[in-house]
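Next come two complexes built around chain A: one with chain B, the other with chain C.
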Partner chain A sequence: MNYTFDFNAVSISPLLQGLWVSLELTAAANVIGVVLGFVLALLIMSNYRMIRLPFMLFVELFRCTPAIVQIVWIFYCVPMIFDVFLDPITMGVLALGLNLMAFNAEAYRAAIQAVPREQLDAGIALGLSPLQRILYIVFPTAFRASIPVLLTNGIVIFQQSALVAIVAIQDLMYQGKTLATETYRPIETFTVVALIYFAVSFPITQIVGLLERRRQLLSS
Partner chain B sequence: MSFSLPLVKMQALHKSYGDGAVQVLKGIDIEMKPGERVVVIGPSGGGKSTLLRVMMGLEQIDSGSISFDGKAYISSQGTGRKTAIDTEVRRSIGMVFQHYTLFPHLNVTQNLILAPCKVRGETKAKAETRAQTLLERFGLAAKAKAYPAQLSGGQKQRVAIARALMLDPKLMLFDEVTSALDPELVSEVEQVILQLASQNMPMMIVTHDMWFAKNIASRVIFCAGGIVVEDGPPEQVLGAPKEERTKEFIDRVFHIKQ
Partner chain C sequence: MTLDFAILLRFEHALLLGLWTTIKLTVICIALGCSLGFLVGLARTSRNLALRTISGIYVEFFRGTPVLIQLFWIFFCLPLILGVELSNLASGVIALTLYMGAITSETFRASLKSIGHEQMDACVALGLSRNVRIVNVVLPQAVLRAIPTLLSNCVSLFKESALVSAVGMADLMFVGQNISNNTARPVEVLTVVALIYFAIAFPLTRAVSLIEGRILKKLAI
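After this line comes the complex of A and B, so read on.
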């Protein structure tokens, strides 16, 4: 291979701007995913079929279609079908947030089912209302138990966020593509882009590992 | 006090699981007077725990009713219908369970003040002061900031009792509260319940510990097969039972004990 690497051609500042957009998308999607994911988990666990079934369908739609198809669909079809025009970032947050919501709901469901029945009985015996039992007993317990999965899903969404580049949101991947075209240095550019994604994700995967080891230690 | 109105009155309680497939309560009528300490004994599956759970409104019933202080707070109009529960009246009743009852994400004080603050709207400061007093009374003052995972089984159960008492119950239900404990931890929990008994707290206790039953009961009910088989003072039911089934049970239990 006669290729001469030239990393000087890769200017870092547009990439960092792109990273900032990616992080904003990730943060906003995680707020939706963590909060509404729990609400969605409660809905798919409802005793009433009329409530449960539509939301189960919602979850399965997001779990059984490629994320890139979801993003493209939301970008092109939602404005036409519902006649709403939102700015691209909002659309990106919506697409990623809904996807994350579906995955987090499944994580929460497992954790909610693991809350001992006795805890809820104790809540009833103490006179807590159904909503209070969810807020003060179920959510804190289920949230703690779900943290490793929530973090993993959150970091997956950070990586999936690269997909929004194809609908012209100026995230890290988009800036990388632009830079690669301008400089004719795709190898160097995408290497740097990959390293930036890695640098953000890796510490979080390590934290997840740490949390899981600690949990095993505590439960043994 | 023998002429006073009943504190609890259960009428024709029926309960089954699986659409009537398994009948657990087959017509229970019990009247409990204020100040009574009723111990319910009997073989596993005989309906003892179900009875307490029904009283707390944790289980649906098929038919019958329970009133507390003259007010019917639990009633059902038939199998499959939803059991009506008056949650206001139910708040006068406290219950302690076998295990896993403390909220693991809250420390001891937070466990105690959760319900007073959220249910009764008590201020945090006031609830904390009361919590502190109760914990001192039960020898747990040093554990006020500890989390449930840092407590022994006996300490957890004493905290659970204190937590129930924070709501000033007029009746306490104890559902096999020492069954899951290591033997050396049983007595510290029983001491706390005996202390409550000495203050005339009405209580209904389900236990397998006959020594404890003898010590605390003012009345013993032997439940088997979903009905009350025998009901009387502890000397009678535990000492000289009239019913053949009670006799068999008592013989077997005391035989194992000795």
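After this line comes the complex of A and C, so read on.
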């Protein structure tokens, strides 16, 4: 191989701007995913079939189709079907947020099922309303139990956020692609972009590993 | 707006060809990726520090970066570095195999960990060689226990395979996007493409819970 590397060709400031957009998308999607994911989990565990089934279908649709199909679908079809025009960032947040909601709902469901029956009975005995039982008993316990999975899903969404480059949102991936074509330096540019993604994801996966190990130690 | 799904009948053949590419790519990468994943899983539990470090870096790197950037890297940079032209299919297979290898190695590592140390001691006591131990004792158990997670990994790979459309491979997603651009009917076309993906991935995810629930319990492992 006689390729001379030139990492100076990679200007870092557009990449950092892109990274900021990626992080914003991830943060907004995570707010939607963590909060509404819990509501969705309650809905798919409802005793009423009429409530349960449509939301289960929603979850399965998002879990069983490629994220890129969802993003492209939302970008092209939502404006046509609902006759609304939102700015691209909002659409990106919507697409990633709905996807994360579906995955987090599954995580919460397992955790909600693991809340001990006695605690709910105690809640009834204390005269708490169903809403109070959910807010003060189910949510704190289920949330704590699902933190590792929520974090993992959150970081997966950070990686999936690269897909919005395909619909021309100027995130890190998009800036990387532009830079690579402008400078004719794909190797250097894509390597730096990959390392930036890695530098953000890796510490969080390490934290998840740490949390899980501590939990195993505590339970054994 | 009026929907006209009949328009898709004209493109039935193109969509099927795209689906065939997607399935071909997925199946090849599942076979190669699982084998790679098992070897890497072994390497990560090995006593050799160098082996452990290299395999660890590989896995963390592929799990810590978006698949899209991995694809771009392999499509645009690998040919430059190697100095050879790679066909679209070859690049796609390399990229997705490396990704699949990384995620399945974690699955195998977890299942390898669950094989009790007594069994290793028993193998030593029986005087089995290292290769016999791996092929006849470790492999069957590791694979059986890993099956549910491996199936989920396969579903993930199937979904991630849609990304090759971004680098111009004519898979289901690529064909769908082309049809939707040419006919200006994104709602019908993209919905049907999504439903095709769903129709394949959904039964597989059901199979995962079925296997977890019944077969593994029956085998009592």
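Everything that follows uses one rule, which is that the second predicted complex is superposed on the first by the 220 of 220 C-alpha atoms of A that agree within 3 Å, B and C clash if a C-alpha of one lies under 4 Å from a C-alpha of the other, contacts with A are read in each partner's own complex, and residues count from 1 in each chain.
Convention: a residue touches a chain if its C-beta (ideal position, glycine included) is under 8 Å from a C-beta of that chain, and two chains touch if they have at least 3 such contacts.
Only a predicted model underlies this, so the values are computations on that prediction, with no experimental measurement involved.
By the touch criterion defined above, A:48 lies against neither chain B nor chain C after alignment on the C-alpha atoms of chain A.
Of the two partner chains placed by superposition, only chain C is touched by A:162; chain B is not. When both complexes are overlaid on chain A, the residue A:197 reaches chain C alone and has no touch with chain B.
By the touch criterion defined above, A:82 reaches neither chain B nor chain C. Look at A:3: by the touch rule set out above, it reaches chain C but stays clear of chain B. With both structures placed on the common chain, the touch criterion links A:68 to chain C but leaves chain B unconnected. Here chain B and chain C are compared by how many residues of chain A each touches, and C touches more. Once chain A of one complex is fitted onto chain A of the other, the partner contacts of A:184 are absent, as it touches neither chain B nor chain C. Here chain C touches chain A in the complex through residues 1, 60-61, 63-70, 72-73, 76-77, 80-83, 155, 159-163, 165-166, 173, 176-177, 180, 186-187, 190-191, 193-194, 197-198, 201-202, 205, going by the rule given at the top. Residue ranges of chain B in contact with chain A, taken from their complex: 53, 56-58, 87, 90-91, 93-95, 97-105, 114-115, 118-119, 149, 160, 163-164, 167. Contacts from chain A toward chain B in the complex involve residues 116, 118-119, 121-122, 124-129, 132, 136-137, 140-141, 144, 218. Those residues of chain A that touch chain C in the complex are listed here as 1, 3, 60-61, 63-70, 72-73, 76-77, 80-81, 159-163, 165-166, 173, 176-177, 180, 186-187, 190-191, 193-194, 197-198, 201-202, 205.
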